[in-house]
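Got some structures for you, see below.
Shared between the two complexes below is subunit A, which pairs with subunit B and subunit C, respectively.
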Partner chain A sequence: MDDKAQLHTLEGVAAAILITMTLVIITQSATVITPQHEMMLDVQLEQMAYDALTLLDTAPSSVTSTNLTECVAGWDMNESNIQNNGLPSLDKQLFLLLPGYLYNVDLTYVQNEALVTKNVIVNGDPTEDSVIASRTVMLTNLSVDAAHGAWIIASDEIKVVEVRLTLWQI
Partner chain B sequence: MADLKENTSGQIIILSGFAICLSLIALAILVNQAMITGYYSSNAALEFPKHEIRDITSQTRESSVSIAELALRLNQSNNQSIEDNYRSLFNQYEQQMKTIYTIHGDEVHISLSEMNLTATAMNYSAESTVWVNISYNDGMTYYVSRPEIIEMGT
Partner chain C sequence: MDERGQIAIDFLLGISVVLIAIGFTLQFVPGIFISGYGGEEKLGYAAYRTSCILAEDPGWWSDNTSNASGTEWEKHPDKVQRIGLAEDNDVNSRLTETPNTLSKEKLIQFMLIDEDEIVMKLGLFDSVEGTQMNYRYNISFLIDGHPMVIDNYTAVRGDNLPDDSNIAKITRIVLLETGNVSVFDARSLTTDSSFSEHANINFKGPATENLTIQITNFNVSGSGAAFINATLNGSILSASSDYTLLKRPLYGDFRADSGQLLKDDCLRISFNKSLFTSNQEYQIRLNFNNVTFTKQGPLFSTYGDNAKRLYETALLTVEVW
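So, the complex of A and B:
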């Protein structure tokens, strides 16, 4: 009887077990985190949102037509909706800085010792993976008058306004 | 069966299989470690409030200069000193910043430590300086700048 193949069969079984075990260990140990992971995308998106606000606030007048403070100072104090944009100058610049992204902008400020939040640019409902960036600006009656805004600020008062940008990608 | 015991050529194949498997496992562990490092660094980047701290310090520096200009302008129209006008305006700034950051769950304290404001006509002298204390606390990160030295002179 030729029983030489038995050892070959045993070798085949041992090799199959080794390969199977290796594949099981690799697939179970590797966490599925790739450079396109949601958290890494959030970091990039948040950085872009903050960069856009910082650029608009700090860039010299030769770079931007109106900076962030001037845009906010020129607000007509009417809350916006998806059809009616409250800050067209800011919307135009954000559209150029954040191509392919959707965003909403809210303004938060203190009025009569209460905190008030108003929508000024509305482009829809943010998705779950949206990020929020904010930057504060300070208004005086001089800056409001220069920008032809509707803020009511006395000559011996200042108004700190938080510009909150909600950014998301579809 | 005697032939089977003497035939040892299969051992090399099995040993090669072992070596390849161990190499693959080692490579998989290395790749996994690199990916986990990326995950934790992304998490740390999202958790650390660097943007908030930068905003508070840069806005305080910018606002301090604007407040100084406004205090000087007010000095021309009311009977209060530049320092009194500055102090009053800075208190408004401090209170409003504190309220705005409170809604984020952050504790912000900005206080005027010292000031040296000397003006000639409508400009501040080169040595005009304001010292401001800033502290930020979100429960995880505590940041203090005492003092933040802000020069007013041109």
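So, the complex of A and C:
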């Protein structure tokens, strides 16, 4: 009787069981690891950023002490870094609206026929999956004077400034 | 030599390659073995759509017989076409200029409306081979993590969250109308004689909502300036049962704080509406220490002159499963 190769069959069965078990364990744990689709998390983050800017812009004065336009109008025109916050009023309100998130804020506007982008709130380097929301505000000579800002705007001129909020989560 | 029982080197190699290939596939194609994956994406769309309609749209009603329509569906809840909660100044505009600012009347009607109506009007269902399958959902308005209570309605609709199924969730930051507020500049508040340390505010009863008085720009006359107490028609009110006191520093949020008052602080005092039930003139007196008021009455400041809607920041969460 030729009894070679018999144990090879049993090893094959054992290996097959091993593979099946591995597959079952991996598929079951994979469902737990991804409870929500990655796209939904991005949508959520971007929506929070837009909501925060919208609220700061449209909220009545009984809710916010200074709205988005007033905050931007009061800027001292000095570029910020991580130690030196350019818009403390905006920073404090964003901090209340977006607890647990990190954010940077840039202002973009046209000066001497060139597009200028300046950092006003810097909390660090954004991660790869950060999102950007933006909202435009309109400044006039009157609004700058009222907020004691350093913008130089002629009395018959309006300045459109884009407020860009970069938001991320760690 | 007995050669049985040895693992062939070819077999070992083969099985390793297969295992590595399977591991690689699972690692780099997420969700490949998750059943109902497409369904989960649909839940995400439903949650996102619902949150957008509720937060950004004022809603719409129309009546086919009279051809009347508008965004003030809270006044015609049985003829609602679209359920939206955003406040709207122009009822014929179809759009609102204040997205994310939610109206109290609309919110109360939203709490009262029929379950089937919500599912149909917000599209919280899916058609599977012609049969309607309703999603289950939870729509909550949270402040500091707890559902808000507005006029005895807890601002939650839908079912309790399940422990064991995939939930699609969207959170929106909104402003919620919670009552009314009368905003005063302390420099124009009235008092009995100039430079007194109290302010008088009149109110014509009865009250349908709590009275909230908000004051800024204090004329602080010395160190240790503070709010002491409030009286109503001469009798002292109790600080917890009759009114609540909140203070907001310049660039901050309202907190319960009875400490030192600064010039730029904003004081918010909410009086219980049960204090003002009869049809008569009430006078609220606010007593301070080292804060003076200069404008002499009568005529005294009245609550109704400055009354506006009061809004609070809240989170709207829509969860669908």
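Methods note: the second predicted complex is superposed on the first by the 135 of 170 C-alpha atoms of A that agree within 3 Å, B and C clash if a C-alpha of one lies under 4 Å from a C-alpha of the other, contacts with A are read in each partner's own complex, and residues count from 1 in each chain.
Criterion: contacts are C-beta pairs under 8 Å (C-beta built on N, C-alpha and C of every residue); 3 or more make two chains touch, one makes a residue touch a chain.
Fair warning: this is a prediction, and the values are worked out from it, not measured in the lab.
K.L.:
Tell me which partner A:145 touches in the superposition: subunit B (first), subunit C (second), both or neither.
P.N.:
neither
K.L.:
Taking the superposition on A as described, I'd like to know which of subunit B and subunit C A:162 touches: first, second, both or neither.
P.N.:
It touches subunit B, and subunit C stays clear.
K.L.:
Examine A:115 and indicate which partner it touches, taking first as subunit B and second as subunit C; both and neither are also allowed.
P.N.:
So A:115 only meets subunit B here.
K.L.:
A:15 contacts which: subunit B (first), subunit C (second), both, neither?
P.N.:
The answer is both, since A:15 touches subunit B and subunit C.
K.L.:
Have a look at where A:63 lands relative to subunit B and subunit C in the superposition and call it first, second, both or neither.
P.N.:
Second partner only.
K.L.:
Mind working out whether A:92 is in touch with subunit B, subunit C, both or neither, as first, second, both or neither?
P.N.:
Once the two structures are laid over each other on A, A:92 reaches subunit C alone.
K.L.:
So, does A:25 touch the first partner subunit B, the second partner subunit C, both, or neither?
P.N.:
Once the two structures are laid over each other on A, A:25 reaches subunit B alone.
K.L.:
Could you say whether A:43 touches subunit B, subunit C, both of them, or neither, answering first, second, both or neither?
P.N.:
Touch status of A:43: both partners.
K.L.:
Quick check on the superposed pair: does A:79 touch subunit B, subunit C, both, or neither? Answer first, second, both or neither.
P.N.:
In the superposition, A:79 contacts neither subunit B nor subunit C.
K.L.:
I'd like to check the shared interface: which positions of subunit A are touched by both subunit B and subunit C across the two complexes?
P.N.:
3-4, 6-8, 11, 15, 19, 22, 26, 30-31, 34-35, 37, 39-40, 43, 58
K.L.:
Contact residues on subunit A for subunit B in the complex?
P.N.:
Result: residues 3-4, 6-8, 10-11, 14-15, 18-19, 21-22, 25-26, 29-31, 33-35, 37, 39-40, 42-43, 46, 50, 58, 108-110, 115, 133-138, 140, 142, 155-160, 162 of subunit A touch subunit B.
K.L.:
Where on subunit C is subunit A touching in the complex?
P.N.:
Residue positions touching the partner: 3-5, 7-8, 11, 15, 18-19, 22, 26, 30-31, 33-34, 40-41, 44, 47-48, 51, 55, 97-101, 166-175, 181, 183, 214, 248, 250-253, 266, 308-313.
K.L.:
What does subunit B use to touch subunit A in their complex?
P.N.:
Result: residues 1, 3-4, 7, 10, 13-14, 17-18, 21, 24-25, 28-29, 31-32, 35-36, 38-39, 42-43, 45-46, 51, 55-56, 58-59, 62-63, 66-67, 70, 73-74, 77-78, 85, 88-89, 92-93, 95-97, 99-100, 103 of subunit B touch subunit A.
K.L.:
Touching subunit C in the complex: which residues of subunit A?
P.N.:
3-4, 6-8, 11-12, 15, 19, 22-23, 26-27, 30-31, 34-37, 39-40, 43-44, 47-48, 51-52, 54-55, 58-63, 65-66, 88-89, 92-93, 96-98
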